[in-house]
Amino acid sequence: MPPIHGYDEVFTTMPTKDVDKRIEGLADLAGGLYGGDFLLTWNHSLENIRAVLLVAEALEDMYRAGLSTRVFEGGLAVSNFRDKSTRTRFSFASAASLLGLTPADLDETKSQVSHGETVRETANMISFLTETIGIRDDLYIHEGHEYMRAVADAVTEGFRQGVLAQRPAVINLQCDRDHPTQTLADLLHLKHTFGSLEALRGKRLAMTWAYSPSYGKPLSVPQGIITLMARFGMDVVLAHPPGYDLLPEPLALAQRFADETGGSFTHTDSMEEAFRGADIVYPKSWAPLSVMERRTELLRAGRSGELDALEHECLARNARYRDWECNADMMSRSRDGRALYMHCLPADITGVSCAAGEVTADVFEHYRLTTYRQAGYKPFVIAALILLTRCEHCEKTLAAISSRATRRVL
Amino acid sequence: MPPIHGYDEVFTTMPTKDVDKRIEGLADLAGGLYGGDFLLTWNHSLENIRAVLLVAEALEDMYRAGLSTRVFEGGLAVSNFRDKSTRTRFSFASAASLLGLTPADLDETKSQVSHGETVRETANMISFLTETIGIRDDLYIHEGHEYMRAVADAVTEGFRQGVLAQRPAVINLQCDRDHPTQTLADLLHLKHTFGSLEALRGKRLAMTWAYSPSYGKPLSVPQGIITLMARFGMDVVLAHPPGYDLLPEPLALAQRFADETGGSFTHTDSMEEAFRGADIVYPKSWAPLSVMERRTELLRAGRSGELDALEHECLARNARYRDWECNADMMSRSRDGRALYMHCLPADITGVSCAAGEVTADVFEHYRLTTYRQAGYKPFVIAALILLTRCEHCEKTLAAISSRATRRVL
Amino acid sequence: MPPIHGYDEVFTTMPTKDVDKRIEGLADLAGGLYGGDFLLTWNHSLENIRAVLLVAEALEDMYRAGLSTRVFEGGLAVSNFRDKSTRTRFSFASAASLLGLTPADLDETKSQVSHGETVRETANMISFLTETIGIRDDLYIHEGHEYMRAVADAVTEGFRQGVLAQRPAVINLQCDRDHPTQTLADLLHLKHTFGSLEALRGKRLAMTWAYSPSYGKPLSVPQGIITLMARFGMDVVLAHPPGYDLLPEPLALAQRFADETGGSFTHTDSMEEAFRGADIVYPKSWAPLSVMERRTELLRAGRSGELDALEHECLARNARYRDWECNADMMSRSRDGRALYMHCLPADITGVSCAAGEVTADVFEHYRLTTYRQAGYKPFVIAALILLTRCEHCEKTLAAISSRATRRVL
C-alpha cells in the first residue's frame, strides 16, 4: 500500500513544542467551560472546542518535555463505567494522575446503588471532595445522556445549597448520543496529520458502517464524528446499509453545521461511494437504531430470552452486509489510495479477532500505529476537559505550570 | 411543613472559619488517640471525641478555604469492605486523598484470603507501607468487632517485632456493634445545627425503628447513636416494636452515660411516644437481634436454603409494623412539628425506592438536603481519625498546614 | 525449638542505616537496567542484581528513617493480575505509592480485552502515561513468560514509533518460569539474616517440595530459588518426589551457576536428605510439570469436566507423599536444628489452614514472624526495580532524595 497521508515518516508531525504560543492562543478562548460539564460537543461553541484542543496539546507538550503538570493537591476523579472499557478507563486514570487527582471507580455492584439509592443522592454522596465525574453509559439508547444530565443537575443543586464545597464537572466518557473524548482526540489526530484545523477545510471524510460479527455496538462514535467534523468545513459522507440509521438529532446537526461552515454533509448507502476520493475513512460497525431501542426495552424488562432472539436476528441482518469491509480494494478508491484510516479501537479485524470483520488484516496492519497514536490523544483531551471545567483561568494555570518547571521525574 | 430547626436558611450555620481557635482548643485534647485504633466510641474518652470533632472541622474549614491539607507523602490507606458501601467507600477514599495517602482496596475475592491465609498474616501483609486500615464488617453479629480486634492485635505484634516500620491505625467503618464514622458525623451535624455541643444538652433525640421491606440491616447505627448522644446530656429515646432488641452492652452504656451526664435514656415500644416533643428524630430500620444471630449461624454454615426461609419469616414480621413510618403526621408530634430528621442513607422512601418504607416522600424531600449535609461530614471525620491516630501532635500538624497555606488547586 | 540462626534477638540484624554507603556502592553498578524490563533473574548480570538489592535497602532505610522517597510527580503503575494475589498486589501498590505513582489495576473482566483486542494493542493503550506494568501470569505453563515478552515487545515498538512518550518497564510479578520479586526479597532476607551476600557462600539451602491438599501451584518459586541462590556460591539442594519435575532450563542454569561460583547444585528425591545439615530450608508445594501441561491444555480448550478429573488424580498422587511435611523432627536434621525456615506465604499449615499440609503448626509458629519479615522486603524490591528501570542514574536519584530530606509525614 502507498504511504499514508501525513505519515511519510511516522509521527514526524508531532505537536510543536511551542507551549507559550498555545497558552497565548488560549487567552481569548478559555473560561467558557468553567464551572460546567462536557456532555455533547454540539452544545459547545467552537471557541470551547478550540480551547480543549489547545489545552490538550499544551499538556502533551509539557508531558513529553518531562514537566510535572500537577494542578491539584488531592481530590477525587470519580469514574462510573456502566459498560466495559480499556482505553477510556486508563485514559481517565492517566488524566487524573497527570493533574494530581486520585482516581476512584464507582463500581455499582459494590455500592448500594442497587438498593434504592436515587441518582441524585449517589451523585452527591460521591462528590464531597470530587473535582470530576467521568461516566460511560452507552448500553441504553435514549437513556445514557439523560443519566449524565441527572447527575449534573444533582451536583448543581448540591453545590448551590452548600452540600458540596465544589461542583464536580461531569464528563461524558460515551453515552447513547456522543463520545466527545473520542471524537476530540480524533480531531486532534486530524489536526496533527494534516497540519492545522484550517487544513481540514474541504477534506473528504467517510464515516461508514462496516460489517462485524457482533451486535449492539453504540451509535455514539458515528454521531459524534459527523457532527464534530462538519464544524470544520469538511466534506462529511455518512454511509450505511438500509436500516442502520442514526438518531435524527445528530443527522440534522451535521447538515446544519455543514451549511454554516461551507462544508458538506452527504448520506449514502454505498461504502464504495463514500470511499471514493476520501482523504479520511472511518469504517466502523454499529447497531441499527431500531435494534438498540428494542434491546433497551428488553434489557429494562429483564426479558433475556428475547434478547437472544434479537441478537440472532440482528447478526443475521449484519451478515447480509458482509461485503462492507475495509480492504485494500476499498482503500484504493480513496484519494490517491492514501486516505488516513481511523478507528476508535478495538477493531474487528478479519482473520485476527474474528473470521470476517470491519477491516482486513493487511489494511489494519498498515495503519495500526496511526490508530494507536490516534488513541494517545485521549488522556490529554480528558485532562484538558478537567482543567477547563475546574480552573477559571486555564491560561494562567498552564503558564504557572510552565514557569514552575518542576520535573515529573526527580 | 414548617421550616427545619437550625435551617431557616439552608446551611447558613456552616462551620466557622476560625481554624486557629480550633487548633488552640485541640492543644489540651490531642494525643490520646496517637498510636491506637478507633473501633467503638464508648471506649474513648470525651476528650478524644471532642478532638475528633475539632480536627474534622479544621480540615473542612481549610478544605473549603481552598487549602491543601496534604500530610503524607505517599503510603497506603487500605480499605476492606466485607459488605456493600457507597458513601463510606467514597468517604474513605476522599479522606485518604485529602491527606496524601493512596487508597488501596482489599477485595477478598481477588486475594488469597480464602486460601487459608490467617487474619493476622493478611493484616501484616497489607501493612508494610500502610498508615491506616478501614474495615466494614457488619454482616455477622458478634463477629465484626472481633475481626477488627484481631487485625489490630496482628499489626501491634508486627510493629513491636520490627516487621512493620509503622503501626497502621485500624478504623471501624461499621461493625456489628458500632458505626463510629457515621455517628461522629451525625454528632458534628447536630453541633452545627444547634450551634454547639453544649446546646445539645436537654435536647430530645428519638432513635426509632422504622418499617422496611428489606431485612438483615445492621444494628450498629441505633447502638452507636444511643451511646454517643447520651454522653452529651441529651434526652435519648429508643423506640422499636417488641423483639427488635439491640445488643445488651450498648443499652447498658446508654443508661450509664445518661446518668453520668444528667441526660436521660428511655426505652419504649411506641414510635408516637418517641416522636412526642422530639428535637431530633432518627427513624431507621434494623433487624431483630435474634434474626441476626440465626442469620450469622446459617451464613457461616452455608445453609442458604434456610436463609430464604429466615428472610421470609423476618419480612412477614416486619410487615406487622408497617405503620412505623416517618410521615407528616408523625413529624407533627415533634417539638413545634420542626424536629430535625436524620438518616444515615440510603433511606427506604415510600413510593420512591419501595412501595412502603421508613419515610414518606414528602417528609424525606423536605429534609433531603440536610441528610446530604449530614453525610458530608463523614470524609472529614475519617480524615480526622487518621490524623489523630497517626500524628502525635495533631495541633502542630494542623498549624503547619495552616501556615504553609498551599492552595489545593494551582 | 532452638533459637533461629541470625534471629537470636528478632530482627536486630536490620538494614544498616548507612544510606550513603549504599549509594556509593551503587555508582559502579547502576545503569544496566535502565530502559529495560525485569522478567527473569537469570537474564540479568550479577551487577544488576546487586544494584536491585542496594536500591531496595536504601529505600527501606530512608522509609524507616521517615523520609519521603517520592520520585515521580504522577504517572501510572499498572498491574495486571491474571491470578489471585494479596501480598504481591499490595507490595506493588505500596511501591507505586512510595515513589509517587498512581496504581491502576487492569482487571481484564472489566476491559475489552476479551473482545478481540490483541495483546500488543492493549499494551499500548494502557501505557500512554505509564512508567511500569507489573504482570502476574502463572496459570498457564509455557505461556506466562511469553505473554510478558509480548507486552514488552509491544511497548518497545510503541515507544520507538513515538506512540508512547516513555517506555514503561515490564516487571514480572510471577510467571510460569520465575518469580523474581519473591526470590530477590528472599535473597535480601538471607543477606540480612546471615550478615552479607558473601556470608551466603557455602551455606546449604534445601529447596524442597512439601505436601499440600491443593493442586496446580506454580513452579516459579522453586525454579527462581535454585537459579538465583546458586549464583552466590551456596550449596543448593533440590528435593521432590518422583514426577514433580521442574522445567529443564532452570535446572540446567542452577547447575551452570553452581559450577561458575564454586557452589553446588544437588538433586534428590528425599526430603530428609535435603534437610540434613541445611542452613536454610524452603519447603513448599508445587504441581508436577506434566500436570501443569495437561491443565494448561484443558483450560485453553475449556474442557472443565476433565479438569476435575485431573485435579482428583493429582490430589491422589500428592496424597502418596503426605509425609513430605516440615515438622520438628525434620527441622532437627538441619544444621544444629537451627535452619532458617522460609516460605513465600501463604503456607498450608497442618491443623490451621488444612488438615495436613506443608508445615506443622509448631514449626510455622516458631518462624512465623521471620516469614513476615521475609515478605516485607518485597515492596522495596519492586520499588527498586521500578527505579532502576526508569531512572538512568539511580545513584543520583537516591542522593537527591537523601539530601532533599523531605519528611514523609508532615
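Per-chain numbering from 1; labels A, B and C assigned in written order.
One rule holds for everything that comes next: a contact is a pair of C-beta atoms (placed from the backbone, for glycine too) under 8 Å apart; a residue touches a chain by one contact, two chains touch by 3 or more.
Values in this document were obtained by computation on a predicted structure and should not be read as measured data.
In summary, the pair chain B and chain C forms a contact in which the copies contribute largely different residue numbers, shared numbers making up under half of all those used.
Relative orientation of chain A and chain B, expressed as the C-alpha superposition rotation angle, is 120° to the nearest 5.
Computed centre separation for the pair chain B/chain C is 41 angstrom, with centres defined by C-alpha atoms.
With touch defined as above, residues shared between interfaces to two or more other chains in chain A number as follows: 70, 102.
Every residue of chain A that touches chain B in the complex is listed here, in rising order: 70-76, 78, 101-102, 104, 106, 110-113, 115-118, 121-122, 124-126, 128-130, 157-158, 161-165, 390-391, 397, 400-401. Interface residues of chain A facing chain C in the complex, by the touch rule stated above, are 10-11, 14, 60, 63-64, 68-70, 81, 84-87, 89-91, 93-94, 96-100, 102-103, 214, 345-346, 348-349, 352-354, 368-369, 372-373, 375-376, 378-379, 406-410.
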